[in-house]
Amino acid sequence: MAEITSQEEKQKLVKAYTAMVLSRTLDKKIVNAQRQGRVGFYTPTMGQEALQIGAAMALDEQDLIYGYYRDVPLMISRGVPMDLIINQIMGNSADIAKGRQMPSHYGSRKHNFMSVQSPVATNLPLAVGAAYSLKYRKKKGVVLTTFGEGSTSTPDFHAAMNLASVYELPVIFLCENNGWAISLPVEKQTRVDIWSKAAAYGMPGIRANGNDILETYEAVKAAVKRAREGKGPTLIDAISFRMGPHSTSDDPTKYRSESVPEGSEKDPLTIAEGTLKALKLMDDKMIENIKQKTIKIVDDKFDECEKIPPPDPITAFEQVYSEQTWMLKEEVGDIL
Amino acid sequence: MVQAINQALSQNMEKDDSVILLGEDVGVDGGVFRVTDGLLSKFGPERVLDTPLVELGIVGMGIGMAVNGLRPVVEIQFQDFIYTAMDQIINQAAKIRYRSGGEYIAPIIIRTPYGGGIRGGLYHSQSGESYFVHTAGLIVATPSGPYDAKGLLNSAFKASDPIIFLEPKRLYRSIKEEVPEDMYTVPLGKAKLANSGDDLSIITYGSMVSTVLDTVKKNKINADVLDLRTLLPLDVEAILATVEKTGRVIIVHEAPRTLGMGAEISALIAERRIDYLQAPILRVTGPDSPFPYKMEDYYIPNEKRIMKAVAKILEYR
Amino acid sequence: MVQAINQALSQNMEKDDSVILLGEDVGVDGGVFRVTDGLLSKFGPERVLDTPLVELGIVGMGIGMAVNGLRPVVEIQFQDFIYTAMDQIINQAAKIRYRSGGEYIAPIIIRTPYGGGIRGGLYHSQSGESYFVHTAGLIVATPSGPYDAKGLLNSAFKASDPIIFLEPKRLYRSIKEEVPEDMYTVPLGKAKLANSGDDLSIITYGSMVSTVLDTVKKNKINADVLDLRTLLPLDVEAILATVEKTGRVIIVHEAPRTLGMGAEISALIAERRIDYLQAPILRVTGPDSPFPYKMEDYYIPNEKRIMKAVAKILEYR
Amino acid sequence: MAEITSQEEKQKLVKAYTAMVLSRTLDKKIVNAQRQGRVGFYTPTMGQEALQIGAAMALDEQDLIYGYYRDVPLMISRGVPMDLIINQIMGNSADIAKGRQMPSHYGSRKHNFMSVQSPVATNLPLAVGAAYSLKYRKKKGVVLTTFGEGSTSTPDFHAAMNLASVYELPVIFLCENNGWAISLPVEKQTRVDIWSKAAAYGMPGIRANGNDILETYEAVKAAVKRAREGKGPTLIDAISFRMGPHSTSDDPTKYRSESVPEGSEKDPLTIAEGTLKALKLMDDKMIENIKQKTIKIVDDKFDECEKIPPPDPITAFEQVYSEQTWMLKEEVGDIL
């Protein structure tokens, strides 16, 4: 177990745990709602809370995030309000992107969280460009970019790692290594440990237990420090486990038998609770209390967001350009 | 349609041990749409490869296999994810025969689900056929139902050119048809007159064929409905024949209008059969925007929009 | 034209320190066509980046810069090498504004030489404009000479959408024109009537403009010659105006015919001005094959082929 | 200096040296002809003879090559007749590809040498597929694929390395590390040694002095052995120097001052001559004799090929498909 000593860090940890509970509760809520046909699709994040929230603990507000579709906990811990996420998943009229994107493709400029795309790892080169902007403007921010271990096989991973290294940019590459890329286990994705790929680009590669919030926090903290000092990028291999299916369309029994049941000793929440108790920051009663209260909060917020009407169809054809093209005007006239 | 494609793959693999499948999740998982279900256990991991996550790599590796006597079938999980492999497709697959003076050829089949209708939003609904159809050296085919899917795929296995095989994902489970057990073929490069009528011609393909046929039937429209089946090379004779017959043409597709297939079809007609035209050539297509999640029913051409065009064209002059 | 572009880049960099150039060999070497010559020594290595060899990476990095307030100009050494970056262009640059509800935008300029005329064979001569023009969210512009090159580029720097700036490499050093010192603009989305005539309309762009103008002049053809300048969005009004005037249309471009720009232009006319047409809409284009090295003069449309089409269309009926 | 002892290897070395001289002579001939306007374009290979020919020494006839535009010496040492190369460079009617490709883009199925494309490193994934075919068909051949060090930044390099490793394929990745990618020195291309990138894919990476024919031979021999034994791929970083410009269109004085003049001690030919003399396989007179004879042979062959007429224009539009499409038939009718 990594050590934390300062009062400030302890407070952070408590906040982080609350965010973990909120993420987990929201995650389960959405998965259930999907089963009931109230949500179209979702990529559960269960199992990856600790590494995401641990990473967020090491960041400041001005830091930029280029995340991916499994980053609800990261958003929550950045202070993104829950309704922003639910509205995205509902694709309702309150959604920032007006229901244009599939569920799990959120973003919020206010929270410096870039809108998520589906093609995996294609956020990485953007993160590098973002980091270049920060460096060029002599700002002290850093960029955190996340991706699954499967995504390390992509062209974009290779391109981004090399460019970040060549220009010594303040980027943290956080690999959310849940062991699976849909049905492909990491052993078939590549023959080496993910962290060890960093050496091919001349940057440090750190392995962390991604189920342990403090371990990920420490690793990311070190990387952030390095980045802020102008020493360049770091790759972090946060080893975790995808507790749920790849998505609500996926049936993992087709390809795997391992499991990490909720509440078991590898569950990041269980580990975090152990840490909190060891540090005497919480006891079982407080934990139970938080969990119960959170269920209510999530249920209420979910119901509230569900009542928001869908977007006006016309908005589906806006914001393609700064000004709508004549073709699109004409086409929309024909459609509506 | 899933079963028809699965059967075509399976039968060709049985017949010819040079057929190899590769793609993300095509093995143990049987493909995210279950198109390759059961093939791994039937043919083993040397012939059904669960690949790492790298479209450019698996297409390139497939081309290398094809150049060396195998008959690879590469699955791209969603057409939306094919673009990193565009260089391999445009600069390698489509140009190997040409640049090597015919010494090397690349008979690869690249299968990929495309189009909307499953609430996939902008990254799981694209209809990118134009990117391939503009690329000389490729053959581009797309079935409108299970029978054609199997028949066209069987033809693809006999061809010696690289083939982009676009599967309208919306039809995977929605259309039922009798599909013969034997290895019949549906020829590449030949359109099919899916309905015969005298008043106008509706030219379409893929997922839109059933929408058009339903519309025509329901509204008792006396129309030729041409299912292109192969988009490159187009069956120009069939297109011109229906124009000569009706003089009124609508083209329907899901892809965005600008430089969608409708553009080429319209241009072919405008340069060859202008005198037969009794009305403007209309296009009913997806708009020039990305594909939306929530409002996808507005994006995809539907009965209402087709009928608007039909009315306009029949009333003309 | 090389100097005009160089000047536009240099002046915009002077004016705005958020303008950053990146690309292979753009710095010390000044670009393989010398377009960026002298800019490294003027603006330093933080603003002129000699990048590693990875088109996908430099385009993606450029998008990330653009999203974060810089004004990157990415050079792709030859348009033929852009395809590994297609995913970044289609799925990121063109869709960021849309998918983020306008919270993020990507005003990147991607400059790249395209087309034939330098004996570059199939991998240094491609005209791939269709791949971009089919992609909603992009602006695609191409100058036909030094004046427009600078003026269009100046407009590109003011735009907030991603721009593909296609430079006809054949014109880099072959066309001389007065280019004002000041930062004048040529508007995006507006075509230019490069010659005025009554008998027919020739619609073209890029490298073909001078070929068409020379042909028209030499053969005393009384033709409207429309230089499109922007390919997406097209200036439909200018296109329709010339069709209304002459009723006879030829479209000329270097890119292969099938789903080349000619297809879209022809379709726009066939759906809007069919009654004005007195002849078929003809296309004089590159053939549907890769671009050959030795026989490039046969590939690129020339006076002979344009005159064949002119004769055909003027004689019609 | 690596050691060779067997009579057979000594014979190979003599043959290899002859190939080096032929390559060098032909290279200079083409560069001169280009200056005289008799050739359109060319990418000189001067400086990279040893590594290419050393590699070829380790291969058998049935092995496949996926090379790039700087591989004339490799072709020569594979037994490709000189006129095949000259005809390609002339783009005349005797050229296999009928003048469709720019000079330096040769190929010959008979010699198992894949036709070269321009986009760099895109031959690598094909090499992997080729190796898969060999393995699947249980053939004992291996695949050699070549590329410059600049090309290691590409998506294709990353994709090919990982796939070759995951499927344990018989591929040798030979990096012709001449230190420059047009104007970009390798230090700006990436922050690490090229050979060290192999570790990111779990394969051995070998550094070799690419100017020393025997060192490259030894390295490739080891890789070939490994591949034939079914142990998978190897990356070889053959460090060399581009003695000429990037291409006949390039002016290297714009960006570099270093040089390796012909006949200097780093010139691979000088090194090879030293080896031959040390092994008492040749003396100065024999060497001079070979060089003189070769000039004559090359001059004659060049003149002969130059007389071959250009291809029939119609061939520029053939072999796009197995059968010409109706569009192309029509278009060609219009053109010719």
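Things to note:
Each chain carries a letter (A, B, C and D) given by its place in the written order, and its residues are counted from 1.
Everything below uses one rule, namely that contacts are C-beta pairs under 8 Å (C-beta built on N, C-alpha and C of every residue); 3 or more make two chains touch, one makes a residue touch a chain.
This is a predicted model, so every value here is computed, not measured.
Relative to the C-alpha centre of chain B, the farthest chain centre belongs to D.
Each chain gets one centre point, the mean of its Cα atoms, and the points for chain A and chain B are 36 Å apart. Centroid to centroid, with C-alpha atoms defining each point, chain B and chain C lie 30 Å apart.
Note on chain placement: the centre of chain A and the centre of chain D lie 46 Å apart, centres being C-alpha means.
Contacts with at least two other chains are made by residues 51-52, 54, 56-57, 80-81, 83-84, 87, 91, 95, 98-99, 122-123, 136-137, 258, 287-290 of chain B.
Multi-chain contact residues of chain A (touching two or more other chains) are listed as 98, 100-101, 105, 117-119, 153, 155-156, 158-159, 162, 166, 188-190, 320, 325, 327-328. The touch graph of the protein chains shown is complete. Across the complex, chain D meets chain B through its residues 64, 66, 95-98, 100-101, 105, 107-109, 114-115, 117-119, 122, 124-134, 136-137, 155-156, 158-160, 162-163, 166-167, 319-322, 325-328. Within the complex formed with chain D, the chain B residues making contact are 20, 46, 49, 51-52, 54, 56-70, 72, 84, 87-88, 91-92, 95-105, 136-137, 139, 159-161, 233, 236. Across the interface of their complex, chain D is touched by residues 153, 155, 157-159, 162, 165-166, 188-192, 196-197, 199-203 of chain A.
Chain contact summary for the complex, chain A toward chain B: residues 40-41, 91-92, 98-103, 105, 117-120, 150-151, 153-156, 181-184, 188-190, 249-250, 254-255, 310-311, 313, 315-317, 320, 325, 327-328, 331-332, 334-336.
Against chain C, the residues of chain B that register as touching in their complex are 56, 80-81, 83-84, 86-87, 89-91, 94-95, 98-99, 122-123, 130-131, 133-134, 136-137, 232, 234, 255-256, 258-264, 266-267, 269-272, 274, 277, 279-283, 287-290.
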